[in-house]
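Listed below are the structures to be examined.
Both complexes below contain chain A, partnered by chain B and then by chain C.
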Partner chain A sequence: MQVRSLFFAAYRDAMGTGTLDVDLPEGATVGDLVSSIRSRGAPFNRLPKAPAVAINHEVMRGDARLTEGDEIAFLPPVAGG
Partner chain B sequence: MSPTPRVNPPKDGPTPSARASDARSLTRDEVLRYARHLVLPEVGEQGQQLLKAARVLLVGAGGLGSPVALYLAAAGVGTLGIVDDDTVEANNLQRQILHGTSDIGRSKLASAAARIGEVNPHVVVEPHPVRLTSANALKIVGPYDLVVDGTDNFPTRYLVNDACVLLNKPYVYGAVLRWEGQVALFAVPGGPCYRCLFREPPPTGLVASCAEGGVLGVLPGIVGSIQAVEAIKWILGAGDLLSGRLLIMDALELSFREVVVSRDQSCPVCGDNPTQTGLIDYDVFCGVDAHVGSPSGNDAFELDVRDLAREITGDLPPLLLDVRDLWEWDAGNLADRGALHIPLAELMDRTDELPEGTAIVTYCRTGDRSADAAERLRSAGFAVRNLLGGLEAWAREVDSSVSVA
Partner chain C sequence: MNAPARDQGASGYRIAIVREIIDPAAVLALVRDPADGAVLLFLGKVRDHAEGRRVGGMRYEAYQPMAEKELNAIVEEAARQLGTDRIVVVHRVGDLAVGEVSVAIAVSSSHRGEAYQASRFIIEEVKKRLPVWKQEQYADGEAAWVQGQTLEAIEDAR
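Entry: the complex of A and B
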């Protein structure tokens, strides 16, 4: 199956792209997606191991399962004020 | 469904703010001043009185704090506590509209109080000229109804969140960097907290500060104004609160995205079985402490609790090995940090339970028995370091919620 990763703000800067389509085996989880992205090497290994993610606009934890066509937004923490 | 908002009754005592909130009814001056509020059905005279009785704590009088302070003061929030220990610098003025050119070099609190007094002399400002820390946070936050976060760093954000969860106060979160902003209302009944969203602080170096990354001056004006809206709505009990939702704004494409955030039952702070029941050392938690090396200087064989706190939230966390007796382990341990338990007496018979190729950190109560254990394992070919000061130092300096037998 294929899912689409969306990188916002600091993640977009770090990854050098705003979107990344990733092929994953059926039943893969958010954690599997993160591992797959990180295993591409630099700059993708800058993604933290347990980042905050929203699947189709809903925040989920790393063990959430993905399905074909899901849109996974990686939400960077922001601290400025 | 938004949770039922609530305003604490006015506090007793001789402080000026208490006198102000006792006299809840509006004077003739105030009726004239708030005329455009009084005609709004969601505010009216009763709502304006709720605003007057409200006590709001603002953490940080900077970019976000500026619009929050100005709008809450103008709106007639009766008491505004402000925490800040900075002075006004020239590079603040591009976004911190609470302060002016003639305020450069002055404390932000003095500058803020003067400006707020000019905007609305009916507002009582309670200055807190300190940095919010684990030692003072509960005491400072306690007397307020709601907290608005205008800080500029991760440790203080986690601190404000945890203090609000522990004290059951709504936490109006806002953050900005470059062209992007985030806003949410955390720690209201049934809703999530900041830790439900960002369980772990980011690795150091990945996320820039405004000083390094820059920030569009208008951006905190927009985000802070939204924070002020949410604070006012909560006080009034009006509308749908931004709880359970994170609003993400991108000013370059001028888009507003919203994601649903639910309370995480496994959240270490607001979850069903919280593992952290007090405040911790947030500099250590966020890995921003500039602490270098261990006191003994023998880095290959031992580490202190601050090093460990940093390492176990990092990319290659070591395996923790508790070598105390069973009754000590049962009384309190670091199992939630992945610790294994093998009593020292059984250790060398059970080395097959230790994963190969993983760095190990041994610990006991004070660090003596575990030093012995580390030496034995090292001679058997394992990469082991001993935790200096043991679990007692951990409980004292990192996580006071751990009980030590």
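Entry: the complex of A and C
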């Protein structure tokens, strides 16, 4: 299956891109996605091991399972207002 | 911000994330209600310094669809808890100059107590929960993302 990763703010600066499509085996979790991204090496290994994530606009934990077409946003600590 | 006209006494909160300059008078006009005795306007703005460094401006970035959804949820909570739905919250993104308004919160209610509570609740939750980031643009040409608060999952894993 394919999912779409989004990087914002400091994460986008570190990754050098705001979007990354990733192929994963069925049943993969957020944690598996993070491992897959980090295993690509520099600069993708600059993604933290357990970043805050939202799946389809909902904040979720690292053990959440992914499904085809999900949008997974990696969210650095927020600073609105 | 071009605020749409609103009939006196109409109910329902509204939120927006905009790129244009926020006009506080337009935001205030949206919460007018003849039954209310208190109107409170909070403006967050860009200050000219941070930890001893001179700041020339602030760049705001949002994960727009999620930020709109989260801002809706925050204002709905405030409306439910405090019994007033005359609430307007506008957050700006993009490049802001020193002194420009980054967030405006207008609350109208029967009495001042609920207005102060709702306004305070909303700004604190915005800082904690909204997927928005800001980068200080220093006068010397450098820039740095402001250290923020880590989002925590509140739902069980699916």
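Going forward, the second predicted complex is superposed on the first by the 77 of 81 C-alpha atoms of A that agree within 3 Å, B and C clash if a C-alpha of one lies under 4 Å from a C-alpha of the other, contacts with A are read in each partner's own complex, and residues count from 1 in each chain.
The rule is short, and it goes like this: a contact is a pair of C-beta atoms (placed from the backbone, for glycine too) under 8 Å apart; a residue touches a chain by one contact, two chains touch by 3 or more.
Keep in mind it's a predicted model, so treat the numbers as computed, not measured.
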Touched partner set for A:Ala73, first chain B, second chain C, both or neither: both
Partner chain(s) touched by A:Ala50 [first = chain B, second = chain C, both, neither]: first
Touched partner set for A:Ala14, first chain B, second chain C, both or neither: first
Chain B versus chain C as contact partner of A:Glu58, first or second or both or neither: both
Touching partner for A:Arg4 - first (chain B), second (chain C), both, neither: neither
Touching partner for A:Arg40 - first (chain B), second (chain C), both, neither: neither
Chain B versus chain C as contact partner of A:Gly81, first or second or both or neither: both
Overlap of the chain B and chain C footprints on chain A, listed as residue numbers: 8-10, 52, 54, 57-59, 61, 73, 75-81
Residue ranges of chain A touching chain C (in the complex, touch as defined): 6, 8-10, 13, 52, 54-55, 57-61, 63-65, 73, 75-81
Residues of chain A that touch chain B when the two form their complex: 8-10, 14, 46, 48-50, 52, 54, 57-59, 61, 73, 75-81
Residue numbers on chain B that touch chain A, as the complex places them: 60, 62-65, 149-154, 157, 174-178, 180-182, 196-203, 206-210, 213, 215, 220, 246, 248, 250, 257-262, 264, 266, 315
Of all residues in chain C, those that touch chain A in their complex: 44, 60-63, 65-67, 69, 91, 102-103, 123, 126-135, 145-158
